[in-house]
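In what follows, structures are represented as structure tokens.
In the two complexes below, chain A is the common chain; its partner is chain B in one and chain C in the other.
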Partner chain A sequence: MSLERPDTVDDGGVERTPDELEALLGDLVVDRDDHLNAPAFVIRPDTVQETLRTLKEQAGYDHLSVVSAQEYENRYESIYHLKKYDDPTQEVSIVVPADKDNPVSESAEPVFRTADWHEREAYDLIGIEYDDHPDMRRILLPETWQGHPLSMDYDKDRPQIATLPEHANPLEDHHKDAESDTMFLNIGPHHPATHGVLHLKTVLDGEQVADVEPDIGYLHRSEEQMAQSGTYRHQIMPYPDRWDYISAGLLNEWAYARAAEDLADIEVPEYAQVIRTMGAEMCRIAAHMLALATFALDINGDFTATFMYAINDRERVQNLLEDLTGQRLMFNYFRLGGVVWDLPEPREEFFSKTRDFLDQLPESVEEYHNLITSNEVFQMRTIDTGILPPEVAKNYGATGPVARGSGVDYDLRRDDPYGYYDELDWDVVTEDGCDNFSRLLVRMREVEESAKIIEQCVDLLEDWPEDERNIQANVPRTLRPDDDTEIYRAVEGAKGELGIYIRADGTDKPARFKIRSPCFSNLQTLPEMANGEYIPDVIAALGSLDVVLGEVDR
Partner chain B sequence: MGTAPAQLFPEFIVDTLGLDSVIGEVAASLVAAFVVGNIILAFTGVAGPWAKRKITAAFTDRIAVDRIGPYGLLIIPAAAVQLLAKELIIPEGVDRPSWDIAPILLPASALLGFSVIPMGQLGPISLHLADPEVGFALVFAFASIASVSLVMAGYASNNKYSLLGGLRAVAQNLAYEIPLIVTAMSVVIFSGTLQMSGVVGAQTETLVTIAGVSIPSWYALVNPFAFVLFLTANMAEIGRNPFDIPEAPTEIVAGYQTEYSSAYFVLFYLGEFVHIFLGGAILAVTFLGGASGPGPESISFIWFVVKIWGFFLFTQWARAALPRVRIDQLIEIGWKGMLVLSFANLVLTAVIVGVIA
Partner chain C sequence: MSSDQPFITDESQVVTETRDARITGQGDRFNSRLREAFGSSPFILTKFDKFLNWCRGSSMFMLQFGIACCSIEMMHTYAVKHDLDRFGSGVPRASPRQADVMIVPGTIVSKFAPRMKRVYDQMPEPKFVVGMGSCTISGGPFQEGYNVIKGAEEVIPIDIHVPGCPPRPEALVYGVVKLQERVANGEAAPVTVKPYELEEFSDLERDELVDKLTDQIDDDELVMRYNFADSP
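== the complex of A and B ==
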């Protein structure tokens, strides 16, 4: 079957038991503190690099998914969630407690480049400082912010007043001196091609980019904190729709649903899983259509026909989602243990509409190939620009179409199956070009794979016996997962690995809710792709990353 | 065919009204220029707020302006009022007066180009203002003043995006004006004159006669290779897709016009459209037999209008369909490709004409 992955013989393929891992790490391990998803080893804060390097180089844990940080009554804690690109079901968590009065911990940045931003975020929101970090600054909040909002002693009523002299000109250092022959240019936060409020601090050498630094946080809405103040059962589910709001809502909801269901041990009925799978793939098509549309906008310029054509196709799938969920953007359709309601009546009409959409999709995709991918100027612009080698992609924790466009064969739908994916026949798409063109091609081919999945789901749903259409499991009105249980679960969102870390504290609300945003990690790769290229290539590379700032900033 | 060059428009006014003095001639010239200028501005007025939107909408499966007036035509006055009523924002640190001159220079240079374009007959009137012996060279000279305006706007705006746009405009115009003019020279080799009426007149001769229909020797038919070269260079010269990189909204916001608003923006917008029409007019005169076409000579202006609007449609089509090239690729295409091809075309044409003639 297509879902079987090729055998890998390197060290990374070998699965080690938790005890073997503990033996490998030896003295580094201070304690065990297992999570629901993975064994977790507690280490000393000054051995982070050594531990992670051992795991990366000797045990093949080459994917640092996320760094989640939190404050306890008696300590601070950073957790490094490690996985393998070859097999993401092999997970291990490294727990690094830090002193309550002086929370300093060694940075993982020299081992995993992706830790750069993740640790900056932990510093910004929680207040842990990381030694040996190249650039320990705030990342989401303004530089003048007082306090760390997710720490325990944070005073939310304290007015955030920054006096003018205090609010130093953030660009002061960039002002050119007499000898410099480069030009500093702010691209964004309001610019036609930043796809939202993203600020690129760019240093130009003529038309070429000498340096680019993404500056994020303009759309930070405290999503993690909002989730922490909502109850598991009902109050959190509406929020995921607002992370990646480019109609990837159901994919996001699934990330929360998966983590919370595993945490509270909820079994989802098969029928609901099929509906979820179908709805999620519709969202993926909608999201990829918009990615294609805006990428065409970036390369072709405004008024390109491709943009409107792709928006038209997105509109069709959007109508299906509207029929299914009753909403066009903020679906709020999943519930823990299933979905909120069954397919719309009459069912036949919904099925035939869906089939109509699937029937005309190949024609549309063909048209896009005619319009853009087979156009020589378009190829000139996108092939061999924005190069992201697979090793660099892995080092930055890139996932989704960005990683698959660099030939990294990583897709959680297949590698860490959930929902109904492992029962269906479809393929994971990868391209080896590592360039802007490959990333676009991956998305276009994934649309076709998603269509295959939807078609199989429709077949299944059509023949589902009427008395077995159970859309929700029996879930208690109030969920109170056991105190001090921790879980990290991820799904394949439209942009990549969308993961949720939850720590329960015995109440009906999570004590810590951490979102692993794929766009956050993917956007970090931009300087790697853009440095030395021309301005238009930076725009193209940014477009090919397909970031949604709502998800980057959360 | 092959009629004698018609009387020029100012002379026609002088003769008709019997204004036989220097003052009279000056007045007649001004009136003629006023009429021709307004025809072009009227085209622009239709093209900018209405036709462009309708055409783009048709290409992209949309409806576009249809709320006010028949076919949405009254959007033209509405848009004019709206654009002019906006606040004119003068950014700090702009270099005046060059910041103010630039938006005037752009449409002016393009309008100036129409002074030597033979626009055909409308009834007894021949819409042709002047026919100097170097008319062909003049029109290119006028058209290239536009680059000066773009550089002025780009530099004086005190904005880095504008500066980038201005620099791109210079690089682009340098790279494409030379092939454009060299290709145009190959036409001069055929016609043997730089006078506009001569270039057009030479194209009225019959090339071949097929089934009783005589095909005129339009240079697009005589030398299609040069035509394609010229068309491409022309697109770059007027800065339209795939060569719209001086503005490139997704890259450098709006290039040289980033800081302009209200009336100044309108002037730039206007200037660009007049430039498209001038580009179409030059193309028509050089390769498409000027204003000539089937039917009586007295309505040949209509053919001229069809040709320049056809070119306008072509630019919009390219805009909806073609990706934009990158600045370095653009320069490479210009210097390494177009320049070589245009010289090859010139030499070949010279040899062929020399051998045959």
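== the complex of A and C ==
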């Protein structure tokens, strides 16, 4: 610790008991309302910044995972789920009630940059307004939308009007002088490099990017409403497959399974956990292969060799996953308390197919290194472009390969273990380059780590005694978690921390189901990486973020 | 063989005047089995429309257009293993102005429908649409969603529906080949009146909602009005 350091004690690693935290916050705490995963403190809506700043600077809670907002009969509520990057098992929730007739609450944006989009989403869907927010607009729905769809009195049959406006250059006026002039450039929502339906409002000053604003919501399919209208036991599980649809289905299903199992106190049999771990890592390989394929597509242009090679490897994993789950893309394989069926018979055939795949994988990875990472043109495009310093990444709540490419050593599989990960031998991959190249390297090396995990799982499954192959715990036909229990649980998805917040109200359906999407937070960092760079670097940066719009918009 | 010598195949050594007339004046590189198969006639007899439709159906340019989950399977359909190009329709074009088939691979939501309509309008005639997946049929699993358009056919006409969530690449290949077959046969999908049109704001029928938005939207701005209550 340097001598210039101010008096504030930065003891980020030290775990504090809930009572110590309450003492630290002092008068700011109005009430306690503990969640299953963390202590929760109720505060007044005008002390949000003060509370969060205290927790961030004096207790080391430097990761704002998500802001989940909801409406009750008598009040509105925003919950700030805080964690530590060093140890995500240390969590605390800050509950901010707001007035029913005039829901206004202080914005957390000056403390955590990531709150910007999260609060805009809360405004858009629930209707809470945030004071001191830099840009309080709708984010997912069209600007002309009437009503807030997840609020209580919303009428979903009312007519709506969406506009197709001509976009204006936001910098035109104050940037125009005799020497320089800016140009507005629309990228998307239909564009091959945006990986789906993302719209980038870009302003160029010469060849350089003066301003870029991601405009999202072109694939906002009401996922949270769909989950809130399904029953816990079976009706929600098909939807997670469709959040991050880049074949990361099992990883997403695990996010829901983990939250719901902890909420309803279900113990998953060990054998099922091993199958889950194996399946999830297969999905991770498939997802990273597509990230690699499309990144090469963005950089090299058109449907090139790398794209075809990577898709070829994806097809191989998808064949394995199809054998396991019966589906190519939307697996719907997990059940609360286990998985839907055992490994395919004959088991030996499945194991040998899996081993064949794992055996040829190092060769393919080597091939990708020859094709792209050691390619000079590729290196010129990616090394030292799209810089994301670790502190900025943390401030934006970036997770997954994006954070790990900036040297932030954060992986929930190791730090907040679930499934069978803590019994296996594997490493978390990080790179210190903070650039587009590092993020790609992280993904490529993670593929190798995933292969290690799968191999160990196959060994375990091969020797598993036949009479102990229990794939499913006893789960009641209808689940009704206790009224007013709340939980936030996250898993390491292909893109980062994929979390679910559920509030139960005693019925068989969740009262509030909030998805913390890693891509949503990761995409928010794009302006930090792109401003001041050249226009091709924006495309490279976007490709290296590997966003999937189904998960950004939900 | 130099170009002034007539083209003679082994099995038919006969040289006739018509055959001469057909074959001379062309370089050797233009010879093919097809050309031989036509025999001595330099002409083929067909209806103009039939010939043109055969050309259209045999060479379709797809729009590179990804929306949601189905676009992942669509990419697999273009790529190795399934390789849609085998059927003469696998070249994705990034610009709608170079494409004549649009595969709609995913859920259409309120914010995207006007953009999709615009992209469709930008494609040159004749143009065809393949709806991929349940979402483009009815909204699929998201039909109940507050923001979801209940099928792409509410916005643009669709020629072929491929059901599935998502359809396997084989199913999409089947759908595209079916479309090619129909195009080659000159069959068109019936033109239906679409409920959701892109129109100028001032052309909307005035009601409570329009009145409320008058100061937010310019008169000549393009808008799309959704009557969710009338949706299936």
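General remarks:
By our rule, the second predicted complex is superposed on the first by the 523 of 554 C-alpha atoms of A that agree within 3 Å, B and C clash if a C-alpha of one lies under 4 Å from a C-alpha of the other, contacts with A are read in each partner's own complex, and residues count from 1 in each chain.
Heads up, the rule we're going with is that a residue touches a chain if its C-beta (ideal position, glycine included) is under 8 Å from a C-beta of that chain, and two chains touch if they have at least 3 such contacts.
Not measured: the values here are computed from a predicted model.
Looking at the superposed arrangement, the partner reaching more residues of chain A, out of chain B and chain C, is C. Legend: residue contacts after superposition of the two complexes on their common chain; A:Pro389 is shown touching neither chain B nor chain C. Of the two partner chains placed around the shared chain by superposition, neither chain B nor chain C is touched by A:Pro417.
By the touch criterion stated above, A:Asn312 is placed in contact with chain B and with chain C alike.
Judged by the touch definition given at the top, the superposed model places A:Pro192 against both chain B and chain C. In the superposition on chain A, A:Pro476 contacts neither chain B nor chain C. Contact with neither chain B nor chain C is seen for A:Gly326 once the two complexes are overlaid on the shared chain. In the overlay built on the shared chain, the residue A:Asp537 is in contact with chain B alone; chain C does not reach it.
Of the two partner chains placed around the shared chain by superposition, chain C is the only one that A:Met226 touches, whereas chain B remains out of contact. Of the two partner chains, neither chain B nor chain C is touched by A:Pro362. Once the two complexes are overlaid on chain A, the chain A residues touched by chain B in the first and by chain C in the second are 191-192, 303, 307-308, 312. In the complex of the two chains, the chain B residues touching chain A come out as 56, 59-62, 160-161, 164, 168, 241-242, 244-245, 248-253, 319-329. Chain C makes touch with chain A in their complex at residues 64-69, 71-73, 75-76, 78-81, 92, 94, 96, 106-107, 109-116, 118-119, 141-142, 144-148, 165-166, 168, 198, 201, 204, 209-210, 212-213, 216-217, 221-229.
The part of chain A that touches chain B in the complex is made up of residues 183, 185, 191-193, 207, 297-305, 307-309, 312, 371-372, 375, 377-378, 380-381, 534-537, 539.
Listed in rising order, the residues of chain A touching chain C in the complex are 140-146, 149, 154, 156-166, 189-192, 195-197, 217-223, 225-226, 229, 238-239, 242, 245-247, 290, 303, 307-308, 311-312, 314-315, 328-330, 549-550.
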